[in-house]
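Structures are listed in the sections that come next.
After this come two complexes, each holding subunit A, first together with subunit B and then together with subunit C.
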Partner chain A sequence: MEIFIAQLLNGLSLGSIYVLLVTGFNLMVLVARIVQFAYPHFVVLSIYACWEVLQLTNNMFLAVLSCIAVSVILNVLSEPIFRRLTNRQDVDINASFVVSMAIALVITDIMSHSINHGFPIAFPTSWIGGNLVRFGLITLSKGQIYALVGGIIAVLIFFYLLYQTKQGRVFRAMAENRYAARLIGIPIVKASIFSYVIAGLLGGFIAILFSILLGSASPWLGEFIALKVIAVSIVAGLGNLKGGLVCGLLLGVVEAMAMGYISGSWSNAIAFIIMLLIILIKPQGLFGVKI
Partner chain B sequence: MSLLLYYFLAFSAVNIFMCWTIYLPYRVGQLHFLTVACMAITAYFGGFAAREWDWPFALVLIVGIGIGAFVAFIPSLAIGKAPCFSVVIVGLTHIFIVKTVIENWDLVGGTVGFFGIPPVEYLLPITYLLLIIVGFFIYRIEHSRLGRAASVVFVDKDVATTLGVNIKSLGMFYQIIAGAIGGMAGVLYAFLIGSLFPEFFTFHVIGALMCMLFVGGHTTMWGVVISAPILGGLPLLLPSTVASWRQVIYGVLLILIILLRPEGLITRRMLSSLKRKNKW
Partner chain C sequence: MKKNNILKIKDLSVSYGPIKALKNTSLEVNEGEIVVLIGANGAGKTTLLKAILGIQKAQSGSIFFLGNDITHKATDKIVSLGICLIPEGHIIFSSMTVLENLQLGAYHNSQDMDKNLERVFGWFPVLRERSNQIAGTLSGGEQQMLAIGRGLISNPKLIIVDEPSLGLAPKTVSEIFSILAELNKKEGYTIFLAEQNAKKALEFGNRGYVMETGKVALQGTTRELMNNSKVRHAYLGSSV
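For the complex of A and B:
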């Protein structure tokens, strides 16, 4: 029972990060009309930036700042490329996926060549923090608590922005009908760029939580997370924010449970098999496609 | 024949086969990466059957094609007309699951790799003969009702349905054919190279294949015939320091081609005008 509770808490922390990732990914699907496969790669590159700054300055505040800045800059820099695609009549949403795959390839290769000689990076214990609570077999680390609490707060802020603010209404209008939104005077290019900034901020925050929770990163982490994020997004229904919230949390819990009871590399395979079966049964996703 | 030329010819042929396996389902708008999983399964099966059970190459090839088609057939029942990204995820998850199984299965060498696949005489000429046969087969499909139906589905699914095209059956057909060719490519790869490593069947292979397909041109089967040898052979010809950055080269090329020439270098329109000029 103690293992179950420990893995449940672990799963919820991991799941809350997946929720954030899927939310950022879906925001771009809905508002910018792109399938941004490289979004998790930007997150991983931000983790690397955070690590580099930490190595150079040993200043946590600067590390956090650089992490968020790199994520925002990368997302905003990719905007003109995708805008050029979405403006063309002869190019569909599949093209955005292909281009983002190419960006992902470039980022992964650069990380595997240039940073830390391609070796995985490890964060110092001062960054990760030790165990905070221990009762019986259950041990909660600082990373788990930060990920869980941070994840919940970020999701609440994001959903507040989306459903309670004027900018949120703009995003939702664009998600419903881009052309109608333009007709009623919404500056869609400006709003689209703003969605990249929001996704970048979210990405930077995710990078910080990931670095604290995992304590390490490798160049291939992006591919691995990207696969999960897109799979969760498809399982939930592409562009379905609420579905992504439920499925992201579920993935975290399933993965943690599998990790607790099944050996190493098989635990990820179990999560993928479950997602594969759901997609095969319901290719449109559990909660319905929103684009 | 020098080793470099041998590898260039071997990789070029396998790359063309694999590009065609992605090209065919993309005719109906589906990015079907499941064929890479088919390739991995049949490569390991072929290597194992030849080394441990002494199966002759011809038998391994036939069974490999069957396995590839079967592996593609089962999911195609569900994703025959699924949205593109569902098909993408089905393919990617298959690759991940197959790779995990291979890495954890000591019988096929696990993470260390699988070695000692017996060589086959005249394999390279046989491979190119098969390439011509498969190319002719795809050419016939392209110029049949199936090919024209696929073109309509790619442009507009609603119009295709109105014209009486069964999108699911067509999608299944292309996915199964692609799986069979992927199965064939897997067996050929195993015998041509002689050793197998699970790291080969990853996202990087997909990236390289996508680059070859989209740079060559995804609207015609001929694009990859030119792009696969050039882009696939590039790492063999370049100095190792530059070649190690090939993923960056592929990535940048892919971005540029989609932005500047979305249909790729060789397009259907270009071939039609060539035919008209030369009165073929």
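For the complex of A and C:
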């Protein structure tokens, strides 16, 4: 029983990170109209920036600030690259996928050669924290608590932005009909850039939570995560925000259960096999495509 | 008494590659008028409206709005200056509520939002009833009213309507036209309307332009046009 609860908590914490990643990814699909394969890579690069600043200054506040700043800058700088692909209403899946994969490869290369000589980075214990709560044999680490609580807060803020603010209405209008949004006077380019800013802020937040949860990062973390993020969003239904919430958590829990009950090295395979089966049965995804 | 000029189009030419959609078109709309643009499908009406809104680039000529040259300005700037387009096919955002659709129309001036909403609900009480309903569940006529309401919420200086009768039942079409006529008479809104249904358009407007293959073929008051034998023959179904 204790293994179950422990792995459930593991799964929900990891799932929380997946949920945030899929949400940022879906924002790009819906408003920017691109499939951003490199979004998780931007997150990993921000983790690296955070680590660098921590190494250089030992100042946690500065590290957090630079993490978020780097994430926003990376996302906003990528906007002009993708802008050419978004002249139509549809998401140009082929073109944006290829472009974003290219960006991802370049980033992975840079990290594996130039930062820390390609070795994985590890965060100091002061950053990672320790076990904060204990129920018998079950413990909750600082990373898990931050991931769970941070995830809930971020999702609440995101949905508030989307459904209760003027910019959120603009985003939803552009997601439904970009041309009509333009006709009624919405500044499409400005709004699109703002969606990259939001994705960047979210990405920076994800980087902080992830760095505390994992305690380390490697140049290949981006590749690893990106495949899962795309898979989850397709299984949930491309562009389906609410579906992404459910499926992100499910993926985390499935992986954690596989790790706890079967074997750590099979957890990825099991997760992907389940996703494959779902897509074969329901190609539109569990909750339906929303673009 | 000379009316103030709202919109002036001078020698506008628009081409789609080798196809000349508009050839040296000139027209004007003055304050308080209802000016109608009639012509067959493909005559260039929609191209002209798109050019005014900055969606379609003009190769030569100019467009002046309240004296400002808007020929090469961006769409969102043009809308913020006070032109609103009610596009063809009662385009609304079906996944959003009636209220949210209206709020989108006020993007460029969200102060006085409550006052502006009250105004629009006053003209279209059915929108007030359905304000929290998802716009996609409204009937065709109600969606057209929502599209018009959304355009009006920013208090535009010029309302451009593209084919309001498309896809609506005749009774609904009459309702829409009488609402537009009232908005012009009671509130003084200037209306520029493109319409395939020539009879309805000429009954509705003060002045008209007839477009044929990218050019203004005829112009005059709507009464003159209604009595013009060419117009009667080609557009009003007269066999005389």
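As a convention for this text, the second predicted complex is superposed on the first by the 286 of 291 C-alpha atoms of A that agree within 3 Å, B and C clash if a C-alpha of one lies under 4 Å from a C-alpha of the other, contacts with A are read in each partner's own complex, and residues count from 1 in each chain.
Keep in mind that, in the parts below, a residue touches a chain if its C-beta (ideal position, glycine included) is under 8 Å from a C-beta of that chain, and two chains touch if they have at least 3 such contacts.
Model, not experiment: these values are computed from the prediction.
**Student:** Using the overlay on subunit A, decide if subunit B and subunit C clash or can fit next to each other.
**Tutor:** The answer is fit.
**Student:** Is the number of subunit A residues in contact higher for subunit B or for subunit C?
**Tutor:** The larger set of subunit A residues in touch belongs to B.
**Student:** Where does A:Ser126 make contact in the superposed view: on subunit B (first), on subunit C (second), on both, or on neither?
**Tutor:** In the superposed model, A:Ser126 contacts neither subunit B nor subunit C.
**Student:** Check whether A:Leu227 is in contact with subunit B, with subunit C, with both or with neither, and answer first, second, both or neither.
**Tutor:** First partner only.
**Student:** Rounding in steps of 10 degrees, give the angle subunit B-subunit A-subunit C taken between C-alpha centres.
**Tutor:** Reported to the nearest 10, the angle reads 90 degrees.
**Student:** Using the superposition on chain A described above, determine whether A:Ile186 touches subunit B (first), subunit C (second), both, or neither.
**Tutor:** second
**Student:** In the overlaid three-chain picture, which partner chain does A:Thr57 touch, first (subunit B) or second (subunit C), both, or neither?
**Tutor:** Touch partners of A:Thr57: none, neither subunit B nor subunit C.
**Student:** Looking at the overlay, what does A:Phe97 touch: subunit B (first), subunit C (second), both, or neither?
**Tutor:** Touch partner of A:Phe97: subunit B, not subunit C.
**Student:** Scan A:Val170 for contacts with subunit B and subunit C and give back first, second, both or neither.
**Tutor:** Only subunit C; A:Val170 stays clear of subunit B.
**Student:** Considering only C-alpha atoms, give the closest distance between subunit B and subunit C in the superposition, rounded to the nearest Å.
**Tutor:** Superposition on chain A places subunit B and subunit C at a least C-alpha distance of 19 Å.
**Student:** Which subunit A residues are contacted by subunit C in one complex and by subunit B in the other?
**Tutor:** Residues common to the subunit A contacts of subunit C and of subunit B do not exist here, since the sets are disjoint.
**Student:** Residue numbers of subunit A touching subunit B in their complex, please.
**Tutor:** My answer: residues 35, 81, 84-85, 88, 90-91, 93-95, 97-99, 101-106, 108-110, 113, 223, 227, 230-231, 234, 238, 265-266, 268-269, 272-273, 275-276, 279-281, 283-285, 289.
**Student:** Note which residues of subunit C are touching subunit A in the complex, please.
**Tutor:** Listed in rising order, the residues of subunit C that touch subunit A are 53, 55, 74-76, 78-80, 84-85, 87, 91-96, 100, 103-105, 107-108, 110, 150-151, 154.
**Student:** Touching residues of subunit A toward subunit C in the complex: what are they?
**Tutor:** Residues of subunit A touching subunit C: 166, 169-170, 172-173, 176-177, 180-188, 190.
**Student:** Which residues of subunit B touch subunit A in the complex?
**Tutor:** 29, 31, 75, 78-79, 82-86, 88-90, 92-94, 96-97, 100-101, 103-104, 202-204, 206-207, 210-211, 214, 244-245, 247-248, 250-252, 254-255, 258-259, 262-263
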